[in-house]
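Alright, structures below, take your time with them.
One chain, chain A, links the two complexes that follow: it is found with chain B in the first and with chain C in the second.
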Partner chain A sequence: MGAAGAPGGTRSFWTRGRLSIETPTAVRAVVISALVLFVLLALPPLLSSYWIKVLTSVAIFAVVALGLNLLFGRVGLVSLGQIALLAFGAWAAARLFFLTDLPFPIVLLLSGVLTAVIGVVLGLPALRLSGLYLALITLMFAGLVAIVVPTTNFPNGGSGVLGHTESSSGGLAVRRPQFAGGDAAYFRYTVIVAAIMFLLALAHVASKPGRAWAAIRQSEPAALAAGINITFYKLYAFALASFMTGVAGGLYAGYAEKLYSYQFSGARTIDSVTLLATVLMGGIFSLWGAVIAAVLQQMLPALLQNWFGFFNTNPDFLLVIFGVGLLQVLVTAPEGLVVSVPRDLGFLFRLASRAASRAAGRGNEA
Partner chain B sequence: MIEVDGLTVRFGGVTPLDDVSLRFAEGACGLIGPNGAGKTTFLNVLSGFARPVAGSVRAFGEDLLRIGDFRRARWGLRRTFQQEQAIERLSVFDNVGLVQEHCGGLRASRRRDVERALEFTGLELLAEQPVGKLSARHRKLVEVARAVVGSPRVVLLDEPAAGLPDEETEHLGRVIRKIPDAFGALVVLVDHDMNLVSGCCRTTAVLDFGKVIASGPTEDVLRNEHVLRAYLGTETQL
Partner chain C sequence: MFPSYQDFYPYIVTGLALGGVYALSGVGMVVLYRATGVLNLAFGAIGAMGALISWTLINHTSFPDWASYLLCVVFGGLVTFAYGVIFGPPLARRDPLVKATGTLGLTLVLLGLMSYFWPPFGRTMLLPTSTPEYSYHIGFANVDVTWTQIIGLSFGIFVTVAVGAFLRYTKLGTAMRAMANDREITATLGVPVRRVEAVAWLGSGLLAGAAGLLLSDLVGLDPVGLTFLIVSSLAAALIARLRSLTVTLVAGIFVGLATALLTPITGFPSETNYQFSLSSYRGAAPFVIAIITLLFLARRRVVTISRTEG
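What follows is the complex of A and B.
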C-alpha cells in the first residue's frame, strides 16, 4: 500500500493550509473502518445463518463487481465475461484444494494469478477493439465457459485432470480455512479478503497506473503523447480485474463448499450482463459503487424473495427490475447510486430540518 | 535541430504532405498555413500518429520515425493538441505529474519537476483543482505545463491559442517564448494567430496544400507574396 501513500505525500505540499481538502478523506477512512469493524464483529451474531450466507455472497460479488468497476469506470473497457472468470477462479481454486495441501490464502492467491493469465488473454482483443465489439467478444467468452463448465464439472475430490467424480455420495466439500470453518467465521474471512482487494484497487487508482488509466479513458492519442504504454496498462487493468475475480472465485469455492455446474451454466451467462447493469447502477466512478452493485445483485433478490415470495412465479423477473433500475439511474444520476443516494438523502434532510425549524418558529410566535 | 527530408503522407487519394523538407534549427519555430495545409498531419507524423510513405525525420541526430509512438515522449518529444486533452478527472498536479512519471522522470524529483512546470505556466495556485473545473485559458496552460515537465527536447504546440481572446493569447505567447531558454527545448508552434507566431518565433515555415511554400526569418516570410496569396487569396484579384 506504499504506492497509495506516495501521491498523498507529494500532494500534502500543495494542500498545506487547505485542510478542507484532506479532512473528508480522513473522516471517510474512519467511517469506512468503523463500518468494516461493525460488519466483522457486530453483524454475524445478529443474523440468521441464511442472511450470513447471503452477506458472504455479497462480499464475494463486491470483489467481482470491483474488477468490472475498475475496467469500465477507470479504463473504459467493457467486459461481459466477469462471471465466467469467476467460474474459472472457483474451478482453479477447487482443483488446487483437492490436489494440494496448500494453505487457504495461498490457494486464493494462486487462483487469482491463474485467472489473471486467462484475463490477459481475454484482454488481448481490447488492444484493438473497444465498446460494443469488446463487449461481444467477452460475452462470447462467457458463453464458451457456460458450455465448457457443464461438460467438465467442478472438482469434488475425484481423480484425473478435472478432478470430478460422479459418486453417489456427491463428492467431497471444498475445505475452508481451519479457523474459519463455520459460516460466521467464513463470512468474516471473506470480508477481510474483500477489504484487502478494495485496498489493492485504491492503491492502484491513486498511483501511477490509476493516472495512466484515467489518461487512456479520456483519450488514447493524448495518453500516447504523454508517454503512456497503452498496451501494457490495458492488459494490466485486465490482469488486476481478473486477479480479483479469481480470488473471489476461490472465496466462492469455499463458500459453496460443493460447486455444481448449474451455478455457472448457460442460463447464468446472463449474470455477466446483470453484473454490468448493477455495476452501472452502483456507480462506476467510485470504487464503493461496487459494494452497492453487489448488494443489488445478491441481496436484493434474497430480500424480495423473503419478504414477498417474489420469484415463486418467475426468477427472470429480476432482469426486468434491473432493466428499469438501470434506465432510471442512467437518466437521473449517471454517477450511480453511490453519489445520488447520499446527495438525495442530504437534500431530504435539509428539507426536513427546514420544515422542522419553520414549524418551531411558528410554534414560538404562537 | 530537426531535419525533415522529402516527407510524404498519403491517406487514400489525399496527400496531406507532399515531399516536405524543412529545418527547425533552435529556439521557437513557427509553422503556419491555411486550413487543410497539412500542419496537424505534420505534427502527427512527428509524434507517431501518422506514418509517412516516404521521407525521413531526424531530431538531434536520431531517426525519430524509428522510435515507437509512446517512447517518443520518453525520448523528449512532447506535444499539445488543438482540442486540449488534459484529463478532466485528475487534478492539475496529477495531470502534469503523470507525464513526468511516464516519461521516465525520477520519482524523487517528481514534485520538484511538476512544481517547476506549474510555476513556469503560472498554475501553482490551481495545483489541486480538477482540470474539468478550469476555464479554457487555464486548460491551455495545463497543456503547456504537461508539454514542458521533465526534460523535453522538442515541444510541438498545435494551435495553442485557438479560441482564446487576445489578452489571454498574449500571456500564452509570453510563456511559449520562454520555453527554449527555460527548458532547453526546441519549440515548433503551429497557429493561425500571426501576432502570436511573429511574437514567439524567429523563423517560420509556411505550408500550403501539403507543400512548403516559404521558410526563413519570420518577418520575411510574412511579407512573402506567395504566403499572402495563400492566406488572403489575392491571386484572383491580381
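What follows is the complex of A and C.
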C-alpha cells in the first residue's frame, strides 16, 4: 500500500505523515557526531550548574520519549503508562544501588531488563487490544502505579523489601558512577547513555524489526499474511521501549539522587499524558522528534520561567500550551514539529526571497 | 483489623451515592461515544472546572447560590459543545484512538487553566442538600443519609432511564442510534449528522457538569482528583462495552460500592509489625476493575482490526 493509498478516502493517522527511515549517510553521521561532541565537550563549561541539571533531565527524558516514539510512530501502539514505567525503573535502580555494590552501568542494564519484563507483561494484552483500548489500559496502569507509589514509598536505604525508612538518619543518596560524581560529569555520562539508546533504536528501525513494525502498523492482517510474527514483534517493541525507559529510570535515580514518591504521585499521572502530547508535537515519524519532545517537556518550562515571571508562579500553565499543541498536531500536522517547522520555515524563506526578487525586479525596471 | 459488618453500613450509603454519579457520567460517555465515536476523557476535568467556577461564585460573589449551581451544569454543556463543534468534524473520520487523544488535549488545557485560576488550596463544596437539616437518620444502621446522596443515586437511575427512553422513542434519539451503527449511511439517508452530533456533545456536557457538581460535594473539590475520577465512570462504561446503558448503571453502582466498601478495611495483623492496609489502596479499585474488564473484553481476539481503521 502506498503512502497515500488509504481505502475509501479514509485518512489514516499514519499514512498521512512522511515516514523517514533515518538512513545513516556519511554527511549526516559527521554532523550528528559533531553535535554530540559539542554537547559533551563544549557545553558543560559554558553553562551554569542549573542549566546543566536541566539539560541532564532533557537527555533522560529524550530516552523516555524515544521509547514512546518507537511504540507509537513505528508500531502504532499508544502507551500512556511510560512515566509509571520510568518510576518503576528508578525504583528498581535505587533498590539495586542500596542492596548491591554493582557498578553503575550494570545497574542501569539490570533496571532496564527488569522494566522490560514489566513492559512485556503489560504488553501481553496489547496483542489483543486495539489502539484505544490499549491506551486506556496503560492509562489505568499509570493511575495504579501513582496510587501504589505514595503508599509504599521509594527506597531510601532502609531495610526490608521496600527499603524505605521514615527515620531522619535514613535517606541515603543514590550513588553515581565514581568518575561522574559531579553534575557536569554526570551530564556527559547521561548524554553518552542516551546516544547509545538512540543508536540502539536506529539499529532496530533500519533493520528487520523496523520493517516488521512498519508492516504491522500499515495493516495487521497483511503483515500476518506476509508471514510476520505479529505477537513476537509487538512484544519486542514493548520490551525495547520499556528497556529504554528502565535505563532512563536508572539515570533518573542517579540524577535526582534522592527519590521521593511525590515525583511520581497521583497528581503527576498527567505527566504520562504530557509525554504523549510532547512526543506527538515533536513528531513520531522521526527519532529526532523524541529529542524535541524532551526539550519541550524539560527545557521549555525552565526557559519560560527564566524569561517570564508569569511561568515562575504558574508552571502548570504550560499544560495549556501542550494541550493546544496536541490538538493542533492531531488536526493539522500529524508529522509534528520535526517536519513542519523546517517545511514552514522553508516556505517562509521562499516567500521572502520571492518577494525580495520581485522587489529587486521592480527596482531594475524603474 | 478486619471490621465487623456494622462498620460497612455508612460506606454502603456513600458507595451507592457515588455509584449513582459514576453511572450518570458513564451514561454521558457511552451516549457520546455511540453517537460520535469520541470517548471523552476530559469528562472529569470539565466537571471539575464547572464545580470550581460555581465554588468561586458562591464564596466570592453575591451571585445567588442556585444560579451558581446551574452555571456549573451550563458550563459543562458549553465547553463540551464548543469542543465538539470545533474539533468534532475535522477528527470525525479518524480512528477512535485519535479522537480520544484529542480530548486528552482538552484535559491538559482545562487542568492548566484550573491550576492557574485556582491554585492548590483546600476548598470544600457543601451543597445545601448536604446540611444536617436535610439528612435522615437510619436507626438500625446508625447512619445519616443526606439528600445529596439520595439525589446522587436517584439522578443516576433517572438519567439512565430518561436517556434510554430518549434514544428509543424520539426522532433525534433514533438518529443517534443510526449514527452509532454507521455515520456515512446515516448521512446518506438525509440525517443532519453534524447537528445530531452537536446535540450529543451538548447533552453529555450537561451531564459532565452535573456529575462534577455532585462529586465535588461527595468526594471533594480537588481538580486533579476530580479529573481522574473519570476512571471510575470509564470502568463502568467499559464493563457495558460502551453500549448498554442499563449495564452502565449497574456497573457504576458496583464500582462505587467496591471503592467505598474497602475504606473500613484498615489493616491486617501480620507476623511482622508491617501493617498492610487495604484502605489506603481503595483508590486503586476502579483502575483494577477497569483493567480486568479490558482484559476480559479482549479475550479470544487474535488480530486487532477496528472498523474505522484507514
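Worth a mention:
The definition used in the following text is that the second predicted complex is superposed on the first by the 310 of 366 C-alpha atoms of A that agree within 3 Å, B and C clash if a C-alpha of one lies under 4 Å from a C-alpha of the other, contacts with A are read in each partner's own complex, and residues count from 1 in each chain.
In the analysis below, a contact is a pair of C-beta atoms (placed from the backbone, for glycine too) under 8 Å apart; a residue touches a chain by one contact, two chains touch by 3 or more.
Fair warning: this is a prediction, and the values are worked out from it, not measured in the lab.
Contact with both chain B and chain C is seen for A:L224 once the two complexes are overlaid on the shared chain.
When the shared chain is aligned, chain C comes close enough to touch A:D316, but chain B does not. In the superposed model, C is the one of chain B and chain C that contacts more residues of chain A. Looking at the shared chain after the overlay, A:I270 reaches chain C, while chain B stays out of its contact range. Residue contacts after overlaying the shared chain place A:L327 against chain C, while chain B stays out of touching range. In the superposed model, A:A215 lies in contact with chain B only, and not with chain C. Where the contact sets of chain A with chain B and with chain C meet, they give residues 6-7, 10-11, 13, 15, 221, 224, 230.
Residue ranges of chain A in contact with chain C, taken from their complex: 6-8, 10-13, 15, 78, 125, 128-133, 135-137, 139-141, 143-144, 147-148, 151, 160, 220-221, 224, 230, 266-267, 269-270, 273-274, 276-277, 280, 314, 316-327, 330-331.
Remark: chain A residues 6-7, 10-11, 13-15, 18, 21, 208, 211-212, 214-215, 218-219, 221-230, 285 touch chain B in the complex. Remark: chain B residues 47-49, 69-71, 73-74, 78-79, 81, 85, 87-91, 93-94, 97-99, 101-104, 107, 110-111, 114-115, 127-128, 146 touch chain A in the complex.
Residue ranges on chain C touching chain A, taken from their complex, read 39, 87, 90-91, 93-98, 100-102, 104-113, 115-116, 224-225, 227-228, 231, 234, 238, 274, 280-281, 283-284, 287-288, 290-291, 294-295, 297-299, 301-306, 308-310.
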